[in-house]
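These are the structures, in structure tokens.
Each of the two complexes below includes chain A, the first together with chain B, the second together with chain C.
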Partner chain A sequence: MTDVAGSDIASLVSRNEQTILPEWLELQKKAGTLNTGRISEGELQSQSQNFLHLLRDALAKGGNDVSNPVYEPAKAMLNDLSRSRALQGFTPSETATFIFSLKEPLFNALNRDQTLSPEKIAATVWTTTLLLDELGLFTLEIFQKSREEVIIRQQREIAELSTPVVKLWDGILALPLIGTLDSQRTQVVMENLLQTIVDDEAEIAIIDITGVPTVDTLTAQHLLKTVAAARLMGADCMISGIRPQIAQTMVHLGVELNVISKATLADAFGLALRQTGRTVTRIKKGEWQAGLKPKAGEQGA
Partner chain B sequence: MPTTKTERVEIRQSDDVVRVRQQTRTLAVEVGLSLVDQTKIVTASSELARNTLDYGGGGEVVLEILDQAGRRGLRLTFEDRGAGIPDIEQALKDGFTTGKGMGLGLGGAKRLCNEFSIASKPGEGTKVIIARWK
Partner chain C sequence: MDRIPILKFGNALLVTIQVDMHDRLATTLEEDLTSKIVAHSARGVLIDISALEIVDSFIGRMLDNIAAVSRILDADTVVVGMRPAVAITLVELGLSLAGVKTALNVERGMALIEGRLSESEADDADDED
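Let's look at the complex of A and B:
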């Protein structure tokens, strides 16, 4: 097969830019790139023109191999484009269409060119196909990577968000656990709880597992470690929210939680109040109403 | 024994343990197990899936809904091609572990199910089958 120099394709692009660009834009529009309204026509046009120039420059410098350093500017531009489209919610095929739809206008321009021999055209088509395929795959790879970054960031956010330590009363903290306790999240939970114990000078921490669907040996082990660490810091721990089916399962499993445990958070809170020398009492109806009324002297005009 | 539904879940990373639990729970609900029995088999599946991952180096689980003359049940088959267990009796003993866990998983899984069988050859892998009947 005849060798094709990148500069040949570059001059083809230069000579035919006035037809390639509109055709390419038309194809992208037909593929629905603008339909979602996430990108304006002007933006698309400047992106397309920009890329066509970068591609032409790279080709002119003699590269028809994407790994050649002369392609760095073009790749950097594709990188930004792919990344921003991934975040804007474009699908992978919508993103890759940007590159793949360039083939048809390029081939049309080739076919219109009277000066080239059929062999030369065939060889150029092949070289261009290889080149654009690789750039298209590069776009997809970046797209995928950006999406994964989003997922990882969200995972981290979930891990931090879903483990709040709440203060129930002076010296009494509650840690309502929700979801699965895999090891990474347990680490966040432990750190949060221990830090809050220090900050609030807490005496009692209640770990509520109402929102934990399955308590297996690993979960139990994590709970016990958290309890042990809290104890070392001088806080007593209680576990609440153990549902009947979980209790039965834990007995069969042979797990012993050597901590005070209560069925509900309310029970555990009541016990915590008693242990810190407080009680909750019901007062008579008249008394609390009187307590709510502003005193005579404070009444405004 | 007629199986009315078969599903397969790969166990390659710790997220997969969560998927095994969710799948087990879905099928346990479909079989019509009581809430306590659901929780039991889900917990057992969690233990065995983690064993498959941590000690077997990954593998897969096949979940089957069984129908034996109108009596329905759920059977899970965990299989790995890991190092295998040299002494099964010892492995089933509470408190025995070669890792960092509590050493209750395997024995606990056995107590949580109606049927339990384990086969293992050192160097070839391990297969654990559990079942819970309605």
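Let's look at the complex of A and C:
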């Protein structure tokens, strides 16, 4: 097969830009790029024109090897475009259409060109296809990557959001767990809890699993690890908020938590108060208003 | 530094580990501590590891051993001041130090030992009555 120089394609693009660009835009519109109203027609036009120019320059300078550094500007532009479309909620095919729909106008331009021999045309079609395919794959890869980045960021945010350590009283901490406990989250939870135990000099930590949908052997193991680590730091652990169905499942699975467990956070808190030598008592009617003015040594003693 | 100082503190012994433990240091400490418990007839051993940043399974087992030996010699072992990272490492290694008592800092560890001592003294007094 005859070798086709990139500069040939570049000059073809230059000569036929006036026809290629409108055809390309028309195809993109037909493919529905504008339908969802996520980008305007003007934006699409400037993007297309921009890319066509960058592609032409790269072809003129560096032939048809996409890994050549002269393709960097074109790739950088595709990168931005793909990223922004990923964030705007375009589907992968809608994003890839941007590149792939350029084929038809280019081939049409080739066919219209009277100066080229059929062999030359066939060879150019092949080279152009390879080139555009590669650029299309590049676009998809970037698209995928930006979606993955979004997912990773969200995972991190979820992990941070859902593991607060709450101080209930002097020396008593609560850790309300929400969602499934996997090993990665357990690690975050454990680190948070242990650090707070050190910072607050806590004696008792209550792990509340009301928000944990299921407790299987693995979750139980993770819970026990957290409890063991807290114990090594010198703090007692309790587990609260085991729902009736979960208690049954745990017994059926043979999961044993060899720690103090209470049905509700309130029960566990009551026990924690007693263990640290405090009680909660009801005060007489009318006394609470007097109690609003704090008496010495009444709170948090 | 080729051995870790052991301080007598009333009825208890106080060990502060302030250097990175290596294996020989650990075995020396175990031997020294055993003989000191007997020599001073100590009732409690307080090991402060707040400066210890790195543990391995050997050090973990050493702590367990010390606790077991002390228990035979009728002394309570309390490990205090463990760092979060160290605690996580020990748990991941599968060493939960079941025989060791723990406390957050030296103050609370001391209170724990004293509490045990006064308890057993009260028991002794009851026995005499």
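In this section, the second predicted complex is superposed on the first by the 256 of 301 C-alpha atoms of A that agree within 3 Å, B and C clash if a C-alpha of one lies under 4 Å from a C-alpha of the other, contacts with A are read in each partner's own complex, and residues count from 1 in each chain.
Assume a contact is a pair of C-beta atoms (placed from the backbone, for glycine too) under 8 Å apart; a residue touches a chain by one contact, two chains touch by 3 or more.
No experiment lies behind these values; they were computed from the predicted model shown.
Asks: So, A:A220: does it touch chain B (first), chain C (second), both, or neither?
Replies: first
Asks: Provide the residue numbers of chain C that touch chain A in the complex, in ascending order.
Replies: Against chain A, chain C makes touches at 79-84, 86-88, 90-92, 96-97, 102-105, 108-109.
Asks: Can you check the complex and tell me which residues of chain A touch chain C?
Replies: Going through chain A, the ones touching chain C are 187, 190-191, 194-195, 197-198, 201-203, 225, 228-235.
Asks: Could you pull out which chain A residues touch chain B in their complex?
Replies: For chain A paired with chain B, touching residues are 180, 182-183, 213-218, 220-221, 244-246, 248-249, 252-255.
Asks: What residues of chain B sit close enough to touch chain A in their complex?
Replies: 14, 18, 21, 25, 35-36, 38-40, 42-43, 46-47, 50, 94, 101-102, 104-105, 107-108, 111-112
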